[in-house]
Structure formats: structure tokens, C-alpha cells
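The next block holds one structure in the form of C-alpha cells; read it before the comments.
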């Protein structure tokens, strides 16, 4: 796609999304879009790790949950006792809490990045899952701080001050919709800039061939940690937005299924592509609601969801966005399409060194 | 023909699935009975039942869905105290009343939410009712094992306060996650504590396992379950002889329907339950849904229209002869924002030789 | 002291089934490198089959156990043939995604068929426990432990003493070269997956009567199985066995002396610590660069 | 002994081999030469059953093996020593050799063959309990050759056996291959080292873009100006 | 073993398989840790540094097994190689400062220049997997060159190439030399080794058995016995 076409289409998209609440009066659908949007932000952040550095993080929800809890706790205030010494925090404004949450999630990302990038591949998968489980169990059991299974309730909503308009409450569907839209655009821009730079290339290089990447002077740990920090901070942002929208968080935000949802969005959309998580997020964010329209049992909906996932992997193994892009290339008759995937009966296995 | 929608949010899956499903089945019986008798205000009622998956955030989502998408004027739910507490702000936000059929935490009616109307007893009511039995059972030292949610923690707090007031020593207070299945560590500790009575507060699935595992570990303390969601019949069926000797509070004793305040609706409910082939073990739970829907239907009748504000006002005037007893609401909580609370009866039963026996209360 | 002994006994018994679960997964994840999210579902399947045979059909307990395991093996073979065979050579993420999809579909099918309500299974063993001084253990758990030990030994022998074991290793190191040696690749894949699944089903069928059965029991089981595999080193059967017992002891002692709420966190903390101290896992393989 | 007729192989839409015809007589040493990507490896894979050809016929000892499985082809007596070594990296040298005779059941014969190979390649004997993945490139190649011989094949397909070997080992390798041939085993060899290969071979085929463009005895091709210019760098 | 590479020369390392050539490369570039001994480059000790830190000193290698970034285009492969020459701070990147864009443009020009040098300009937009084998090996060198080496280590760059392709590669090596880059070469192709080296070191079992100009090495009896073999000598003459 030429630059002009892509620019025009992104302007059209943003225009469409900005005007959507003006003519869409189905509040429930707006709600679905908000939740999908929050997950898209999380999926975009996951894509930075999964798609660009090639590190399969199955604990990404930990950062999302940490963001949600940090922002909620900061805005609600708390009093805890560490070794009988009371520590209290007075409630802070929501915007400030969200900043704290993003920073804190980023710090957790830094910590996890530092300690876990000694291990790669399958081990990293498990370390990340373990990290998410541990955070969930802490949220579940540290009653004094998190209320455990009783959930943090009555989380305040965000207030913005706009010049000329004054205070705006981000409460209810429409304001939250715009908030999520804004956050999503910012996330997109940050990730886009990152991947089209030295840093992004370093990450991709690590994914493609780590020994070779280090041989040309790329500091593996540094860029993996950078990717985790940015990714964790953005996921934390998504979590904070989520918490102040639904206004309740419980330890189940750390559930594995949410990571899975993000992974599904990234991979079906097309990992390592900028638009992939958005497309995947829209499909898998809205699909459950579409299925609900058929008035079938929820279990059946989920079965369809699972089967659909399998079919997408079979028929669009690289994800939807690359498939569409290839189709577009073929349609516009461009040459230089990448060679067809090996589909011979015997696909050669990688020879070991 | 247009119908009047009534929202129901129950845990149909997850940790509290058994109880949630029973409540939903009881609610269905009430729905059919009301519709067979011509519905309310000349319209049929229609239950919209959503599964809150035993999770507070999901519970909020179901209430949101019921109100925003299905536009129900009134809701019944959400079984567990935690789930109920979670959805309460949404009721306030959308100004829709909810009848609470199971939850026991005191906070629900004391936090100043004028949209909740509870027909089930609070833990405090239960503990107070239990007081005379302390001496009768000869309790000297008690241990606690409860879920670490509002239901379990609230109950343990009320009971331990009451017991201390009676001069009973309190040993260990162990908690568990509502989804846990292996309690050997907690029970080993409780055994080491050496109390004569163990108070257990959780849903029936975990009670079954606790009875079995206590027996395996030779825990000799008398086990008393509180909260009324312990389905003695199911315990007998699933825990076998490990259930013998345990005590259970219930709010409806189907084994002796003669003792209840209103035998008439109780018999109707029990007959229909049997006819539909539902689990007999669910009788002690299903009646909550049955009563809840009747209460709501009566309120709609009094309101004269299916609108949230009108129904809320009408609930204060509602009087129903239910399985729970004579249901009517008294005011609780801060003045101006009171919640409704019903005062039902509490019963204590004992399992002996694979049978449920009366036991004092 | 009594308390410690009791905890140790509990851990020993639990370790047997953990080991079973871990060995099953080490075959599939450790050797085949399939991040198998159906493992927990096959575990649940085994438990539900046990429920069906014992409680609904009223079959003999031992017969039911055998049937549940056999069906688990068949289910594993089916998953491999239908879902994985066409993905030969695909990367680890792709197969993982398919397995997640399959896991979601399976879990919800279970929910659809059996409802979300927990089921319990009666065991034919006397409910009075075996008492040894201050400690006691139920006969059911003892039986579970014995069967687990037998299954572990049998699997170990199968991998070590048979040609199947060697062809498995060859196949998953270099599929094409193994084919050139005369190994029937498709069969090895199916056999490995089926064997692993059979062990998961066995673990489910054994633990079903000890605890209760509900559709999501597989979730935590699967995560723990992954933990065990990592602890013991990918693909190592003795490793998975030891890992299973380590995890059980960690959990039980942690629950007994630290906090029961953090019971399930113990294993995960252990993984994090071990991988930090020894980043390549307990049993690292040598690889060369260049 | 081996006849290939009109062989066509595709990878997706890429036609790697188009219309290849060649024959190998019993006891012959036949080489295939050609530039990178000419389809040499693909042809060998088709013969040994790793690839199913899109068209054509492959007959070995009177049996049609066009779409036979790799196992069947091996049973009939064709061993394939693949390009790029392809040893089992996490198995020891000995285990690799044992895999080579996976289909054989004669323990004595196996032991005898293994001793013979260890005598030929003392370095393998020295490293018999080391994981094959840690061997140097050349060591791995020796292992791969030995492994192919462990099945006592009638016909061996060698795909670039001298790749990455030191000159003296290249020489040794060719000696070994000559030796194998002297033992009565038929050999088909793909080689980049065209000079040595042509010198050694009875007959040779030149592959260009999936087709045979030239054929003749090794000596004839060595003299051929086109071959000299394109493959011998003269 | 002890040997020295002189500024600006092409030094070849030869020796039987398993002699330790790749291991020596790995030790120099930090992929394995030498058990003892020292590696000093232009006065700076390299032992104990990580591969990327060693690359910072201008010591860059290629790999025995062909190694490029498979999924990227040829141009992007080289862009990755230019990592060391980029000046972009992560925060500047995320904020989208104009300096970053300028730097990107500069890198792109550098990348084209390198592609011209190795002769891959025409294939710049193709993904690396679709290159022929010979082109892949050129790309490897291009990536290494992009990292601005002062010492370039090549591990068997022409293995698997036919004589014609090898000739082309030798020409490239000559062009690299004119840039003042020192080259350390490991190769089994004697035509190449003898053709391009200033000096040859022959290893056997981890030890140096000969060191000298090509002509001397070719006739060194120890080298012939351990490495070259009789036939090679006969063939030459």
C-alpha cells in the first residue's frame, strides 16, 4: 500500500471511530467496544514482546492486573501493616493514580525483564505464567491490601479538566469510549515509532537470530528489557483504564484466560504487525457478543470461539493482517510477493548446527 | 404479548455453581407458577438469568447487561455476599432495586444502599439465634475454617464474637480460597489446635470435601456449618458416613415441613421441585429463588407498573407469605438511605446415621 | 512433630499424582515441544469418565479406572491426529494457539455435558483411614499413590527399554533424519501424545474420587504440570518425577507453616527461583554456537 | 537398479525438479552436479521417500517406489545421507549410529558394523558418548556417513558428503565412498566439489534448473568445456 | 594457542575438523569463555566481555552455519547490522523527535552503500529466505560489514559454493581489504585460502603446528600430514 493510501485510510478510520458515539445509541454495544478497546491496548503491548522480540509472554495479564490494582489502590487509599508497622496512603486523584500505575507496572516489567531474560523460549513462557500466578495469589491472599476475593469496590472514576469546558467526569459509556480511543491511539503511535527505529530493529533481530544479533553489537538484555518495560507500562495503562471504567477489580483479573485472549488477538490478527492486534482485538472482542445474538448457551458460544481459533490458525497461519496484505498485493498485481510457504509433504526440519 | 422482564444474576458456574443453579431452578418454579396464575398486571413475567461465574467483576458485568441491554426494572441476586456487594454500586448508578435472596454479610444492608432488599438472614441474626445452643452442646474451644470472602469472614467474625461473649475460647481461624479443594494443611493445623468444635462457613462443595478430609485426618472436633448453604441431603449423598455427627444451620428444613411458618407455599414448592426431578439436595437452596421471585412479583403488583422507582417503593409495602416465613422489610443502615431487611427463621439440624435429625433450634 | 509427619505424608501422596501429571506433559511439552493446553482438559476428562462409569453406570472402580485411562489415550491420539498432524513443522506458537483453542472448546464441552456443578465420586475403600501412630491417611489416597507409582515405573520402562522410546527422541530432534532411519514419524507423534494424554487422564481419574470434579479443574492442573516439567528439565522422566514430589512438598509445607493461601504460589515461586539460579533449568542441554 | 523417469517435484508453487530422468546400474557410482538450487537435494529426497513427487516414476530393483514411505525405501535397501549432516544433536554418537540400524534386528551384525566404522573413524570412537550436537562440523559429517552405512544398504545416496570437511578428510571421504562402492554398494552422490566427484564417478549427470542438461562418464564431463567453465572454475 | 593478527592483513586459520577453529572464533567473540589465556585487541583485553561488547571494539564475525535474519528483507538485514552506528535514544524514539528521523535516513544511505559493495542492491527488497545460497553468504558478510568492523572474522564463508561462486567471493574479499579491514579467515577451500591470505596459521588439536606465508604452509610436511593430505599435494604438482 502506498503511503497516501495508508494515510487516507487511517484518517478515515480515526474519523469513523471518533464520530461513532454520535450516531450509535446502543449503549451496550459501546460497552462492548470499550472493553474490546482496552483489550486491544493490552494486546498491542503484548505484540511488542510476542511479535517483535519473539518472547512468548503468557503472563502478560500480570502487568494489566498490576496496573488495575495499583491505580485502584492509589485512588482509594489503603492502610496496611508490615511487621506491625502501619503504612497508610491517603486517596490520590485518579489521573495521578493512573500515572503511578503505569510507572509501577513499568517497574515490574523492568524487574521481570532483568531477571527472566536469562531464560528464553519455553522457560520464559513458564516464568511469565508463574509470575502472573504469583501476583494473582498475592491479590487473592493479601486481604489487608487487596480485599482478596471480596474485590476492590467503588473505585473512583477519572476526572479531566479541559480548558474551556472545565471538569469532565469520565463516567459512563461515551466519555470512557473517548478515553479508550485516545489511549489506543497513543499506544499505537508509541509502538509504531519504536518498531521503526534502531530499538525495534534490535528487537526483531533478537527474534530472528540472537547469536547473529549479538555479533553485530546488539545488547540483548538491554533491548529485551526495554521491550518489557514499555510493554508492561502500556499493559498497566490498559489495566488502569479498565479499573476506573468497571470500577471493581478482583484477583480474577489475573486469570490465565485473559492472557490467552490477548495472545489470541495478537496471533490471529498477525503478530509482528502493527495492525494485527487491532484487527484481532476487534474480532475476538466483538465475536462473543455476536455469538450471543444467536441465543445459544454460553458454553456453545465458547466452543464456537475455540473452533474458530483453530480454523484461523489453519487457514491464516500468519494471521489475518499479513494474509490480507498478501491478497492485496496479489490483487494489485505487484511483483515481488514473498515465495509461497513450503507446503511440500515433507517440510525440512531445521538442521542443527 | 409483551412480558415483564425480571433480571436474575446467579453463579451458574465456578465455585458456587451448585447453589446458584438451585436458586435459579427455584426461581423458574416461581416464574411458571405465577404465569400459570395469569402473571402480573395482565402480563407474563420473564426471567432473564445471567451467569455471574462466581466472580464479582463478572457479576457487575451481568447486572450491567441486564439493565443496559435487557432493560429489566428489577433484579434478584447475586447469591454470595461478595457478588452482591460488588453489584450494589451499579444498582445505585442505574437506580434499579435488587432482591437479595442468599447473601449474609452485614455490610450489605448497613452500607447505605437504598436499592437492596434482603430476604435472607444476616450472619449476626444467625449467630444470635445460635447463642442458646452453645451451652447445650457444651462448646469450650472453637476453631474456624471459612472462605476468605465476605460470606466466610463475616460469618466467622459474628460467630466468634458471639462465642467469646459466651466464654468460649477461640483457637485458630483458618481461611481458604473459595476454589480450593485440598484442605489437608488447614485441617492438620486445626487438629493441632485441639478445639472441640469446628465452625465451617463455605458453599456445599467445599463442605463435602472438608467433612471427608477431616475424617481422613482423624479430626475429632464436632463440625458445625453456618450460612445455610450446606444442603445436608447432598452432604449425606456425597460425603457418606463422613457427614455423620455434623451440625448445620439451614433456613428451610424440608425434612420437617410442619415446623415452618407457612407450610402451604413450602409444600407447593417441594412438590413442584420433586416433579421436575431436581436434586433433593437442592431443596434447602432453591426456595430462596422461589421466594425472591414471588416477592418481586408482589412488589410489581403493588407498584402497578414495571418501573424501577415504583418497584423500589413498592418493596417497602410488600408482604409475602413465603417459605422463608412472612417476608417483609424493616429498615437498616444510615438514615435516609436505608436498605430493606427481612427477619427469617433459622434452624439447626444434625446428620445422624445418614439421616437428618432435628436439633434444638 | 506429628504435624510435620502428617504434612510429609500428605505431600508424598500428592507427589505421586503430580509426578504422573508432569510425566505426561514432559512427553508432550518437553519432547514434542507442543505447549499443550489440552493437558488439563484431558485430566478433567479422565475425572469425568470416572464419574460417569462409577456414579452413573455403576461400574467397578478398578474397571472404571482402566476404562478412563484407555479413553484418555484414545482422546490424546484423536487430538494428535485431527489437530496436530497437519501442523508438522509449524512453530511452537502456532501449535500452542491451536491447543488453546482446543482447550477452550473442550472445557466448555465438559461444561455443556456435565454442567458447572461439581460432582463427587464415591470410592469403594473404607472411609476410616489407615492410622499409623499420630498420622493417618485414607485408603483411597493410598490406592491413588500406589497406582501412580506403578504407572510412573511402567512409563519409564516403556521409554527406556523399548525402541519406541528411542524413536521418540530421534523424531523430536530431527524429524526428517528420523524418517530416513525408518522411524514411522506419524505413529511416533501420535503415540507420544496419546501416552502423555493417557497419563493426564489417569491423574484425573485417580484424583477425581479424592476431590471433586468440575469443568475448570484442569486449569490449575495444567499450570502445575508445566511447573513440574520445568523443575525437572524438559523431556526428563526422572526429572518430572522428582519435580512432582518437590512441588508437592513445597506446597504442603508452605501451606502448613507459611500460609495456606499461598499454597499454590509455592511451586511458581520455586520455578522462578530455580530458573534464576540456573537459567537453563535443572537439566541443561549442551548446545553449540557457530 | 534405480530408474527415475520424468520426475517433477514442487514446493508449493515452486517447481524445484522438472522432468528429471536418470538411471543407475548395480555397482555404479553416479554423481549429480549442478549449481546451488538446481534441485539435486530435492531429487534425492524424492528417491528416499521424504518428498512425494508431483509426477514421474521411480523404480528400484523392479519395484515402484514413487510414493513409497521413507521406511519402505530403506527396507528395500536405499540409505540416504542427508545434506547438512542432520545428526541427532542430543543423542550420543553411539545412539546416532544405533538409529542408523533402527530397522535391523541382528545384534551381532550391528556390533560388527559398528566396530568396523569406529576403526575407520577413530575420532567417533573417541567421542562415542558425547552428544552429537557438540561435535565439530567435520566430525558430524563423518557421523552422518557412518550412520547411513549402518543399515547395510544396497544403494546409498550421499548429499554433499564433503561439505565443510578439511582437504585430507575430503580425500578420506571420497576414499570411503570408493571403498563402499568396492564392497558392492551402489552409490549416488551429489557434490559441489565437482572435480573430485567427476574423477571418482562412473557416470554423471549435470542438473540445471531441475533438468538434466548433460550426461556422460566422469571423464567425458571433465573434458566438457561447459562443465569446465561453469563447475570447475577453469 | 597463541597467535597474532596484524593490522590490515588477511590471516587464515586452517586445520582439521575439530581442530578448534570455530572454538577459537567463539572465544574471541565472547560466545564461549576461554578457560585460560588472554585475548587482546588493539590493547584492550576481550576476555570476559559479552559478544555485543566485543563487537563494540570492532571485532565482528560470521557463522559457520549460514546465519542471517531470515524473515527480514535484505535491506533490513543490513539495517540491523548498522545498529552500532545509529544514534537514537529510546525516549527520543517514543517521542518521535526529528533527530531520529534524520538518523534513520542516514542509516538507510549507509545500508545502500554496503549493498552496492557486496553487489546485492538488486535484491534489496526481497526477504532473505528467498535468496540463493551464494547470495545468502554475501548477505552475511554485508551484515557484518555494516557493524563497522576493524577485524572481521569469517567462518567458512565459501563452503558449499561451487568454484565459480567462490571466485566471486574472493573478489569481494579483495574489495573489503581496500577498506582497511583486517580479516581472520577460517576455510577448508584451499584455492581460496591460498589465493587470499597474507599469512596462514595451521591448527591441530587446539595447537598451532605451522605459521607462515601460503607457499611455506603448502609444503610443510606437518600440515600435509595433519590436514592437506597426499592427494592435495599430488594434485598440485
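Letters A, B, C, D and E mark the chains as written, and numbering starts fresh at 1 in each.
Here is the rule we use: contacts are C-beta pairs under 8 Å (C-beta built on N, C-alpha and C of every residue); 3 or more make two chains touch, one makes a residue touch a chain.
On a predicted model such as this, the values are computed, not experimentally measured, just so you know.
Put simply, the chain farthest from subunit D by mean CA position is B. Look at the CA centroids: the one farthest from the centroid of subunit C belongs to E.
Counting contacting C-beta pairs between every two chains, the top pair is A-C. Centre-to-centre spacing of subunit A and subunit B amounts to 39 Å, using the average Cα coordinate of each chain. Between the Cα centres of subunit A and subunit C there is a gap of 31 Å.
The distance from the centre of subunit A to the centre of subunit D, each centre being the mean of the chain's C-alpha atoms, comes to 50 Å. Inter-chain centre distance (subunit B to subunit C, centres taken as mean C-alpha positions): 37 Å.
In subunit E, the residues that reach two or more other chains under the touch definition are 22, 31, 63-65. Residues of subunit D in contact with two or more other chains: 50, 86-87, 89, 133.
Across the assembly, subunit B contributes residues 51, 148, 177 that each touch 2 or more other chains. Partner subunit C is touched in their complex by these residues of subunit A: 50, 56, 115-116, 118-119, 121-123, 125-127, 129-131, 133-134, 137-138, 140-141, 211, 256, 260, 263-264, 267-268, 271, 297, 299-300, 302-303, 305-310, 313-314, 317, 346-349, 351-353. The part of subunit B that touches subunit C in the complex is made up of residues 12-14, 17-18, 21, 51, 148, 174-177, 180-182, 184-186, 188-189, 191-192, 205, 208-209, 212, 215-218, 238, 240-242.
Across the interface of their complex, subunit A is touched by residues 29, 33, 35, 83, 86, 88-90, 92-94, 96-98, 100-109, 111-112, 173-177, 179, 219, 223, 226-227, 229-230, 234, 259, 261-262, 264-265, 267-269, 271-272, 275-276, 279-281, 287-290 of subunit C. By the touch criterion stated above, subunit E contacts subunit A in their complex at residues 29, 31, 50-53, 55-56, 60-65, 67-72, 76, 79-81, 83-84, 86, 88, 90, 93-94, 96, 100, 103-104, 107, 125-127, 129-130, 143-144, 146-147. Interface residues of subunit A facing subunit B in the complex, by the touch rule stated above, are 27-28, 31, 140-141, 143, 148-151, 153-154, 246-250, 252-253, 298.
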